[in-house]
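Comments concern the structure below.
The chains carry the letters A, B, C and D, assigned in the order they are written, with residues numbered from 1 in each.
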Amino acid sequence: MMSPAHYLFLSLALFLIGSIGVITRRNVIVVLMSIELILNAVNINLVAFSRIFGDVSGQVFALFIIADAAAEAAVGLGIIIAFFRNRETVLADEMDLLKW
Amino acid sequence: MLASIVFYFFAGMAVASAALMVTRRNAVHSAVLLVTTLLATAGIFLQLRAEFIFIAQIILYVGGIMVLFIFVIMLVRFDVALQHIRFRLQRWVALFVALALGVEITIVLLFARRLPGQGLLIEEPASADKLPPNTEELARSLFSSYLLPFEIVSVLLLVAMVGAVVMAKKRINDQ
Amino acid sequence: MLFASGKVDFFPVHPPMTPTLQAILTFLQNWWVEITCGVVIVAVVPLIAGYVVLVERKLMADMQARLGPMRVGPHGLLQPIADAVKLLLKEDIIPDNADKLIFWLAPVISMVAAMTSMGAIAFGPTFQVARDINVGILFVIGVSSLGLLGIILGGWASNSHYSIIGAIRSTAQLVSYETAAGFAIVSALLLAGTLKIRAIVEAQQQSGVWFIFLAPIAFFIYLVASIAETNRAPFDLPEAESELVAGYMTEYSGFRWSLYFLGEYANMIVVGSVATTLFLGGWLRPFPNVHWLDWLDIVPPLMIAAAGVYCVYRAGKQPAPVQTWFMWAVALACFAVAAIFAVPLFVAPLKFVVPGLHGAFWFLLKVSGYIYVFMWLRFTLPRYRFDQLMHLGWYILIPLAIVNVLAVGVAMILEAEFGWNHWLAAAVTSLVTLGIAAFLVNLHDKRTAAASSPAASVTDPYAG
Amino acid sequence: MVTPFGYFLTHLWLVPLFPLTSASLMLLIGRLLPKGAVSFLCVGSVFLSFVHAAGAVFELLAAPPAHRVFQSILFEWVTAGVMPTFGGATSFAADWGYLLDPLSSIMVLVVTGVGFLIHVYSIGYMGREGGYYRFFGYLNLFMFSMLTLVLANNLLLLFVGWEGVGLCSYLLIGFYFLKKSASDAGKKAFIVNRVGDTGFLLGIFFIATTFGTIRFTSQGLGDPRGFPGIFEVLAAMVKQGRLAFGAPVLTTIALLLFVGATGKSAQLPLYVWLPDAMEGPTPVSALIHAATMVTAGVYMVARMNAIYQLSPAAMDVVAVVGALTAVFAATMALAQTDIKKVLAYSTISQLGYMFLALGVGAFAAGIFHLMTHAFFKALLFLGAGSVIHALSGEQDLRKMGGLWNAIPATSRPFLVATLAIAGMPPLAGFFSKDEILGRTIARSAMLDRYLALWIIGVFTAGLTAFYMFRLLNLTFFGLSRIPHEVEHHIHESPKSMTIPLAILALLSIVGGWVALPALWGAESPFEKFLEPVLSGVIPETGAIQFAHHPLIIEFLLMAVSVAVAGFGIWLAYRLYLKFPHLHSKVAASWPRLHKLLNNKYYVDELYDAIFVNRIKDLSTAFALFDTRVIDGLGVDGSASLTRILSQISMWGDKWVVDGMVNFVGKFTQLLSHPVRMFQTGLFSSYAMWILIGLAILLGYYSRHMEVLVRHLR
């Protein structure tokens, strides 16, 4: 068991990397993966603090987050497949339907 | 000592492969690297004595979600090596902002470290062999005090499943 | 018990010693059993796999009224060694514009996964690497499911249509059938009430009945699903020779191929061990609690000795003197092992090794029986079509498994609250489940009859 | 106070319920049922209600004559306000209640019994028709309505049944709705009935306002003040002298009710719908237009006898209209060539007889004739139906003949019925008709209106005998005038049709014998049975007196009527059998008269000319007004006006309003241009903005970080 700062820094690093990926990557699938990375960073914090406080709730929430990640991955990939069928692309900068 | 070895091993693996994952061009490589990251994270969970989260991480993330990702990457045959960052300005901005964030949080943490009460370390965590068996503990609190969130999450999963099926389903007319 | 506790002071600690060495020594002192077990597994599993292949070929030959490999060694006993040598010496081809890194990585992943997952399995009360991991069975499942990554990555990396189609098929298949298998395992875990592997076996010992009898349907589901998970006939679509040359390992050859191959057989052993642990009472000998049946302990040595006797009998009939000698050697080896098994039974001071040895024997016996069923099915059944496979998985097995989980729960409630005999409860609930299963099958038939092209799972576009 | 009781009485409400149940079944899911099930359900339900009705009547008979009233209120149906009655003000209530007294018991027996027989008959008759379930559904619905009518304990419920039977009659007349004539006939029946119903409804209103209640009687309900009945209220008012004998209000009520009766039971001048109603299937004609529905008017008048007895003027009107209708219809029946039309006119004239009886105050005789007539007229119609069946749809008398031995099971009962309606002793018709005639003459002093009525009645009897035997001869005797292709497959009807014929024949023989004692001057038990209902409210002094002639005269009168009837029969024999061509000569010798009779006195044309066409003209006038004035001036004019106005406003809209709006829009666009730069539509840039925001927030809050950290502990 290291001091919590270690885990905090680790999760910080993962979080930043993930967010950079979200911003800079073109391939939407990779963007989704980066989001998974961010979620993982959060999980690390939760589990670490649950260990520190000797309270299991943090792990419960980590579990919930994993479940949500699964749901998000499923739906996101479904959207990507549907999108690919219609537009023949998975590039983030070609998905500009938000501005119509 | 052993603990620190384990931690640095896993942490280094996680960070390194995460960085690689963000920068690799090939989506499949990114996926594999993400798998590595996740496995390393799982190792850290194990070190934190969260066995159940550890195995859930492996089964769900690595065995489930990542397989799904790779699968979709293959379905969506888009592995042309595309010059993977187009908006250069955005890239620099992102790097800068990320750096700024990192610096801020680092300042915060170090500052917190200098606080009375040896920083963030609230109290000495219970030693490993004193911990209750993790899985039972988790299950107990999951089904007693977190029952409602649990059910909500299950409903969420159901909804996600239905939604994914509906979206990815082949319409009859577009053959 | 010596083996179990595993704290032997081999290295008496002297004061003048660098802390590093000190640490290493204490480390070894604490972990030597696990380490040895791991080493043994890594060393022995390839050999076992090779001989499983030999057995499979022999059985196939027998069922097809042939002799099978006879040349290398008497009755082809050395065939696996020869194969291994051949594979190692073969040229190792990496196709052009294949993804080198991943092409190299994939087989390793699949074998490492299989091997690692073996770490948590308890081949007997003492022989287990990860002792006190309290999610043991989940660990086995999860880690062995990582092999899937190896398959799919290999299929993708070798950049060939056969390979990727095989890979995608196998992914779809595994993802579909892991669900059913998971539910089957859950219904066994309900009965056991724990995730620790040894605790599961001990639970079976306490209840005095293997869980196969309390949850037969779950066992059946797990059997089918595990066949599908190990990509074996009749579910061997990922490597269906007639359609895709060799599926995801089309482009592999030599050493990498042998890694895949090893991973596959190790996987068989893993699923066999899981089934054994969950349903077949692990390392327990039949009727573990019935003491007037203790004479069953003598069965293992007798069986091994019988094998030896058979070798002696065959030794005379060998064509070449070399082979005769070899047979004699094998016979002697058998006798020696039989002696090793037999002696502790009668020599009081050695009695403590009995559970370990015999447990391992019974465990392996059950596993090999399970694998024998695999082979038997392979030689018997024709291959499924892909949509049939998917339908079997999604329309029948998974619903049935879910219902079965409920049924097992109901049975446990009946037993606990209403004091039913657990045989009765199990019988009733299983019958109910079977009824529901019949209904499901009927429904599914109607559906397939109604819709000419039944909607398969999500992975339809690449179905064969 | 001995009130009748028993299972059947307490379950009296079941009697109408059975047909309703099967009717609703038929009309809802009847299409899905096989024919066997349909016939079983419908006929079985009618049989059940017949059994219940019979049981109820027997339990009623168990009580002493004075108390033979059973009345049960299922629920308060309409409760409306407070009405003045003799006992001060009581709340006006029309309840859903059933009343069983001698009168309604006879009616219910006739309805269910004859109805049951006709249902059985219909199985055979409609066997090969389409819409089997529909037919039986309507038929059962009719049974329900009719039973509601006769069992109702107040006028409103009776009116419900009244309208219900009207509806069913409409549906069933138009049963072959693909035939234009059939649907027209249905509509005609409906509309003509409406005319009568208007009067009836007005009468009900008058009654409600006059007596404050519409319940017939409060007998069987206990306290008359709690449950006031017309009868009691009337009695009380007469006692208190608030209503005199022959008061105008009573006359008005009586006449209005009688208008309704004329509509329903086809009296002058509203009889025109009945002949056309013969378009319906023959069982319908037998059940509705001969036996039951058309007698509803008679029943209603008899039910309200208390009021009629108090207004001699109304009685005279009833009697005169009845007599005139009788002779009028009889003459019209002479020249008809359609077998069912003949029977229809004879029905009208028999109904006229009944009203004659009611009019002269012999209510019992009227009801008696109603019953017997139900028997033999139903028999006649069914026989006619069987003949039509045998001749595969031929209805024209001129294309019949010589069927006597071809279809014996039909022809014998038909003969019986004909004799009965001709009034030959000792058949049913004889008794009832002579009862009526005897009462008529009994009212008369030496030479007055009653004598005239009697003469008309006797003459009508002769006519009846004549045209009935004309019908008989043309149908069954003489040479066959049947075309060959028809003659080949003349066939006797199935058992299900002939057995009801036999039963009805038996009934129309013995049906009259309940009045047998009247022959030797004793009072007939039928009359005694109906006594408590039909004796009015006023003391004997003013009651309708029948002079008692000595027996000789009675027999003499009978002999006269029988002789006249016999003469009619002889004439028919002469004209149509002995010298088959004589009647055409006769017809030729009075062409005018024959033409007149053949065209039914041109009454239909008259009505068309007077009412129908005028109404059509009126509606065309209205249509013209609609198109010209309302559409042309109102709508189009306003529309064009609107267009002109909108032209103007459009200009203002375009240059003023839109101009401002566009200006504002442009201005906003100008202002918002820098902000638009943010919206790239690419989610990654949005994510970047989020991150930047996070960084800024953290930078701001990191100054207060120690607080956060303290909170961590």
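Here, a residue touches a chain if its C-beta (ideal position, glycine included) is under 8 Å from a C-beta of that chain, and two chains touch if they have at least 3 such contacts.
In this text, all values refer to a predicted model and were calculated from it rather than measured experimentally.
**Student:** By that same contact rule, can you tell me which chains touch subunit B and subunit C alike?
**Tutor:** none
**Student:** Please work out which of A-D and A-B is bridged by more C-beta pairs in contact, and write that pair.
**Tutor:** A-B
**Student:** Measuring from the mean C-alpha position of subunit A to the mean C-alpha position of subunit C, what distance in angstrom results?
**Tutor:** 35
**Student:** I'd like the Å distance between the centres of subunit C and subunit D, where a centre is the mean of that chain's Cα atoms.
**Tutor:** About 88 Å, centre to centre.
**Student:** Provide the C-alpha centroid distance between subunit A and subunit D, rounded to the nearest whole angstrom.
**Tutor:** 82
**Student:** Between subunit A and subunit B, what is the gap in Å from one C-alpha centre to the other?
**Tutor:** 6
**Student:** At least two other chains touched by the same residue of subunit A: list those residues.
**Tutor:** Residue numbers touching two or more other chains: 19, 23-25, 93.
**Student:** Among the residues of subunit B, which are close enough to touch at least two other chains?
**Tutor:** Expected reply: 52, 64, 68, 75, 87, 90, 94, 98, 101, 105, 120, 122, 134, 164-165, 168.
**Student:** Can you list the residues of subunit D that touch 2 or more other chains?
**Tutor:** Residue numbers touching two or more other chains: 682, 684-685, 688, 691.
**Student:** Show me, using the given definition of touch, all chain pairs that touch one another.
**Tutor:** Result of the pairwise touch check is A-B, A-D, B-C, B-D.
**Student:** Could you pull out which subunit B residues touch subunit D in their complex?
**Tutor:** 87, 90, 93-94, 97-98, 100-101, 104-105, 107-108, 111-112, 115, 117, 120, 122
**Student:** Sort out for me which residues of subunit A touch subunit D in the complex.
**Tutor:** 19, 22-25, 31, 92-93, 95-100
**Student:** So in the complex, which bits of subunit C are touching subunit B?
**Tutor:** 23, 27, 99, 101-102, 105, 133-135, 138-139, 141-143, 145-146, 148-149, 152-153, 156-157, 164, 167-168, 171-172, 175, 178, 195, 455, 458-462
**Student:** Touching subunit B in the complex: which residues of subunit D?
**Tutor:** For subunit D paired with subunit B, touching residues are 682, 684-685, 688, 691-692, 694-695, 698-699, 702, 705-706, 709-710, 712-713.
**Student:** If you look only at subunit B, which of its residues touch subunit A in the complex?
**Tutor:** 3-4, 7, 11, 14-15, 18-19, 21-22, 27, 30-31, 34, 37-38, 41, 44-45, 47-50, 52-53, 56-57, 60-61, 64-65, 68-69, 72-73, 75-76, 78, 82, 84-87, 90-91, 94-95, 98, 101-102, 105-106, 109, 113, 119-123, 125-126, 128, 131, 134, 137-138, 141-142, 145-146, 149-150, 153, 156-157, 159-161, 163-168, 174
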